[in-house]
Amino acid sequence: MLDVIDLTAAYGHAQVLHGLSLRLEAGRIHSLLGRNGAGKTTTLRRIMGLLPHQQGRILFAGDEITGWPTPRIARAGIGYVPEGREVFTALTVRENLTLAGRIGSGDWTIDRVMQQFPGLHPRLDAPAAVLSGGEQQMLSVARALMTSPRLLLLDEPSEGLSVQMTAVLRDVLVALRDQGMTILLVEQDVGLATKLADDVTLMSRGRHCWAGTAAEFAQAAGVRRRYLGA
Amino acid sequence: MTAFWTLQVLNALQHAALLFLIAAGLSVSFGLMGFVNLAHGALYMLGAFIGISVAAQTGFWVALIAAPLAVSAIGALLYLCLLGRVARLGPMPQVLVSFGLVFIATELVRIVWGDIPLVLDPSAALAGRVDLAGATYPVYRLFVICIGAAMAAALWLGVNRTNLGAALRASVENPGMARAIGIRTERMFLLVFTLGAGLAGLGGVVAAPITAANPGMAVSALIPALIVTVIGGMGNIAGAALGALIVAGIEVFGAVLFPAASAVLIYAALAVALIWRPEGLLVAKGAR
Amino acid sequence: DTTVGLMLPASGNYAALGQDIEDGFRMALQEAGRSNIRVIEADTEADPQTGLTLARKLIMQDRADVLVGVVSSAVLGAVRDVVHQAEIPLIVANAGNSDATGKDCSAFITRVSFSNDQLNRPMGEWMAAQGISSVYTLAPDYAAGQQMIAAFSDAFTAGGGEIVGGEFTPFGKTEDFGPYLAKAQASGAQALYVFYGGADAVSFVKQYDSFGLRDTLPLYSVGFLTAPLYLREQGTSAAGVIGALHYLPSLDTPENEAFVDAYQKAHPDTLPSEYVVAGYDAGRLLVGALDSGAEGRAALAAALPQVAYTGPRGPLKIDPVTNNIVQNVYVFETVEGPDGMTHQVLDTVEAVRDPPNGCAME
Amino acid sequence: MLSVERLGKSFGSVEVIRNVTLTVNAGERLVILGPNGAGKTTLMRLIAGEIAPDTGHIRLDGQDVTALPPDARARAGLGRGFQTASLFESFSIAENLILAIAARMNGARFGRDPLKSHDLRHRARAAARQVGIADPDAPVASIDHGTRRRLDLALAMSGGAKLLLLDEPASGFGPGGAREIHDLIAGLPKHLTLLVIEHDLDLAFAIADRIVILDAGGIAHEGPPSTARPVLRAIYDA
Amino acid sequence: MFRLDAMRIVLLVLLLAGMQVFAMLGGFFGQEIVAEIAILAILAISLDLAAGFGGMVSLGHGAIMGVGAYAYALAGQHGLTPWPAALTAIAASGVTGGLIGAVSARMQGIFFIMATLAFGQMIWAFTFSARWLGGDNGMGGIARASLPFSDLSQPMAFANYALCLLLAVFLLAAATLSTPFGRSYQAVHDNAARAAAIGLAPRRIRITGFAISSAIAGVAGILAAQHMQFISPAMMFWTTSGEVLVVLILGGIGTLTGPIVGAAIFVTLKYWAAGWTDHWHLVIGALLIAVILAGGRGITGEAERRLRHAFR
């Protein structure tokens, strides 16, 4: 589904990714793990075309999307839940969703996402600025779904979610996977990440350092300690 | 006496219509795109002068269409070559570049059209006067009221009945994320900027039969337009219309009832409005 | 050699007037065939600070022998003290503030244009004499506007008329006169008397006409309203407007005919405005003083007021009491002529001289 | 230390905080739990003075502070951590901390440059170390998410705050980081009073002396950690 | 955030020395220009304090400067000697700024700009029509300051005096920004919510900052009145403030040296370009745009960035 080959990225003069490679099988949940500052967020931003293109290639569903402008990447079917939510605070919840729905294929409607996140329903016409942290996080996921993606990139989606909502999110992601969506999950909650994931990739200082299935990861205690300190 | 007040109410409406045409484009680029476009007054001025030149060749009606189109084209060109790049740099560079454009446009107008004020004669069909509730009122001024009202309605529908307004606000707040949900921000900004320029051009050509076009108008049109935008609330068509009505009302009835204070009245109103509602009377939906 | 500092606005609101004055001034120098006059231009805009800076530059750095120009009264007010203290002659070619040849007069300041009083006073007297009994006034709210209306009102009421109302419109920001025209109409006055210039003059006449007030409320003005500069734009809207000015291109005198011909050689299809004439007469005055043998600041200052001649606008001399010009004032009606709008003289008030108004030189 | 009496707050027609009464004793560690949108952050904003309550009173050390602005409450000893890190973006990490430390020091407002003070710089570095920030001279604009969260916490604690309000302090930390933060908060000096909002139950139970569960704007439960589990289960399963 | 580093000190010294030399060699008009640059630079520094470091972009600074100038002239008329008159005028400007700030401090961005525009225009309209202040004709006969060792009626002496005042104002501004107050002021600009949470009172700090900036604008007003010995409401009109804003952004906002560079360029260009074209505004406009396209930081900001780069 997604092939990332030798990707580099930098902020000004600070090189952050040094030739990262990733391979995502379709219809699976893939966890990308690493310590703070490892470059996880940078990887996702790079895939979305939100950072200037440097070296490397990105292939998505047979297309080479390297260097495409972001809107085109989004329209090609990649949904993005950014770190820190980034909902449009000046817009209402409904506007956030309909806007994203403009490029969707229509199989995700406001009603359908409301079924997944009923907590948002009473707040539909409130400006996103006044939502609680957790509500904004749900909105951010819901917004990405409205674009009807084939591949969903999630950057720490459980941050700020209550235990109960985290469980809801987990169920949603599993259901999406079962419907055939491919998911790339960056998550600090290693427990959640490994419980959900089919495949796991570890990265450290902008480089890929371990990859395997979830089962293999569960065995690899040494790797976990070394790269995650857990 | 009623004829007198009818006349003044019509004057206020007519003044509001002109203010609305200038302010609407400013409000959209300001409130929805976050672009501090001080060159808006210059586009307004170009609308007037181009309209006058076109009308001299082909008559009023052609000018009424051609001038806004020409100014739109100028706006689009400016955006593509210059302002699009500046838009990303933040408000201070925007102020500076658009101020620079005011200087340049003013001098170009002086070079091309000279320093002597020019007027546009409306079509003969609009030249007469009609009797309304005892008052005799110039047809052209009624025409201005109608154009203002029609544009207000069209814009309101355009911004509120499509997702355009929301998409713009989203793109301004967080361009990266807006692009990540598939909004083609650049194309949309270009469209909106062009539209705003066209509105300014329309305002200019519509105003030209009433107030003489002169190179000073790039600057003098700016302040009332800014006041309308701020009092009405940014990025909000209904707000721009309301602001235009309020400002026009204050100017016209201030001139009638408190002539001695009429120079400061509008600023006093602005100060009061800001103190009462520091973010404009009608704030763009959703913004805190 | 004589060095002239020409202080005129080349940019900003008054740029068109500046251009006309300069054209006239250069015409006079050319006519005299003098090649030993060096002219240094300075763009004063309409800004007193800039005007003052440049006046000082002309006086101190360029060592000018005489200053010519000054369109805006605010600039004149700003440079007055410097000129007086530096004892350099200044020929005022426009700015009409009556005080400059009244209580603030100076032996070094000679005016060849007009004073606000000089044009408005005859108009007040003339209108009263016509049997007009009530007038509504409008003018921009600044010193010159107030001075003009005051001079008019004094003369008009002294002649038995009554000012039934009036308004000063906010300066520089009134572009729509609709509300004021409605007020004037409702005042029940017999006539409307106004002072407007620049873009305001054009808009005002257009708007006055569009409201159809011509039949009910005839328009009188100090003549700048329908001056040659604006007449082409105003077109037939200006028909019937009556005003008073010190010069009209349509004056039927041999001096004027020659002048208009000469001007039109350089500016085909354009009639000289009163500003061209002011510039021209400033030049004539200077040339006249030089011809009398004067050289240097002090001698020029003394010689300038002595010059008298009959020029395009008729007989012209300088009143030694105030150093203001003494000239004819023409009351005219703006009418449609064979080729466009023109002015038809209704009456000539001869040799109008301002009272000293507190002027005490030295 | 802190007492909140019959506090109420509505936004438009939505009643977000309903009649909440709560007391926090000096040195106590109180954790607020509750579902998303329960009103936890709103309660904290009321206590910090960022928004004004519709009804009720807030007392700090016995003094009624309901009408005081946030800065006055901060000077009275209240330290605030934000749910999304709130930093001085054009300053470095150390300078952020210096500002926070200097702000609470009474003294000449027109004295020496605090950013150049060795003493303050020293204290700022110590404060950065305390939350595990390695490079205190980095400009804030270039640091990663985890470091931002750490700095936010450090800003809350700096300058001798007596009562810390922390809104989800452990969120955004990496797997190893979360444990660090647990230890860090658990190891804070005992005289500090803590009011913490947290979704991470492990952390909550590790540090809490007392747990308050907020649901739909009201207090659903209050008591020692041992009593909280069944209530939580009831709320979360509903 | 403000730092008075070596680069800025070097630039300041070079600028002041350059202007001194220009005044010495440039004859009478050169001296006049240097004085004018110094006045504009002081005003731009004052605006930099408000806009660059406090985020309070003001279109009322021309009017606030005018209050200083008129207060100085009035105090002189009422018999005060120049120095006490100057103190009165600085206080008048500071208080005016404090009042405007008190009303406007809670507004942000364009709303703050418009509020300052409104108050500035009210001050202008009042002065414009106040007969006792000379109305639009202005007031003349204003005294220059007197110094025991120098005759300020000499243009060269006055230019030096203006440069000294400029230096003093620069150092004062730099020092203010480096005090605990100054740092708090910049912190409030950066993040008001966080500033309040660490115990800084944003509103009070903003008002104080605006008042200080206004007092400095008053210094510019006094100097302008002394230089021209004539004042008129033209200096209070909003376009004056707009021009200062342009000077500030052109030179580099938030640098404190930028205002001096911007003022020097603006004034020289104005007189130089006006010497060969009536359309000198065109030249200025094109320059403004060029500067922004070169990087958007203003001349000083851009130069500093390049130098920092080169030295690394």
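Should a chain be cited, it is by its letter among A, B, C, D and E, assigned in written order, with residues numbered from 1 in that chain.
Throughout what follows, a contact is a pair of C-beta atoms (placed from the backbone, for glycine too) under 8 Å apart; a residue touches a chain by one contact, two chains touch by 3 or more.
Keep in mind the model is a prediction, meaning the values are calculated, not measured.
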Each chain counted as touching chain B and chain D at once: A, E
From chain B, the most remote chain by mean C-alpha position: D
Centre-to-centre distance between chain D and chain A (centres being mean Cα positions), rounded to whole Å: 29
Distance from chain E to chain B - Cα centre to Cα centre, in angstrom: 32
Chain centre separation in whole Å, for chain E relative to chain C (CA means): 37
Centroid distance [mean C-alpha coordinates] between chain C and chain A, Å: 76
Residues within chain C bordering two or more other chains: 11, 15, 141, 170-171
Touching two or more other chains - residue numbers and ranges from chain A: 130
Multi-partner residues of chain E (each touching 2 or more other chains): 125, 128-129, 279, 281
Which chain pairs touch, all of them: A-B, A-D, B-C, B-E, C-E, D-E
Footprint of chain D on chain A - complex, ascending: 11, 14, 33-37, 41, 83-84, 119, 123, 130-135, 137-138, 156, 159-166, 188-190, 228-230
Chain A residues touching chain B - in the complex, by the definition given at the top: 48-50, 69-71, 73-75, 80, 82, 86, 88-92, 95-96, 98-100, 102-103, 127-130, 143-144, 146-147
Contacting residues of chain C [partner chain E, same complex]: 10-11, 15, 43, 47-49, 52-53, 56-57, 60-61, 73-74, 77-78, 80-81, 97, 141-143, 170-171
Footprint of chain E on chain B - complex, ascending: 30, 36, 82, 85-86, 89-93, 95-97, 99-104, 106-108, 110-111, 219, 223, 226-227, 230, 234, 263-264, 267-268, 270-271, 274-275, 278-280
Residue numbers on chain D that touch chain E, as the complex places them: 48, 50, 69-72, 74-75, 79-80, 82, 86-91, 95, 99-100, 102-104, 107-116, 155-156, 158-159
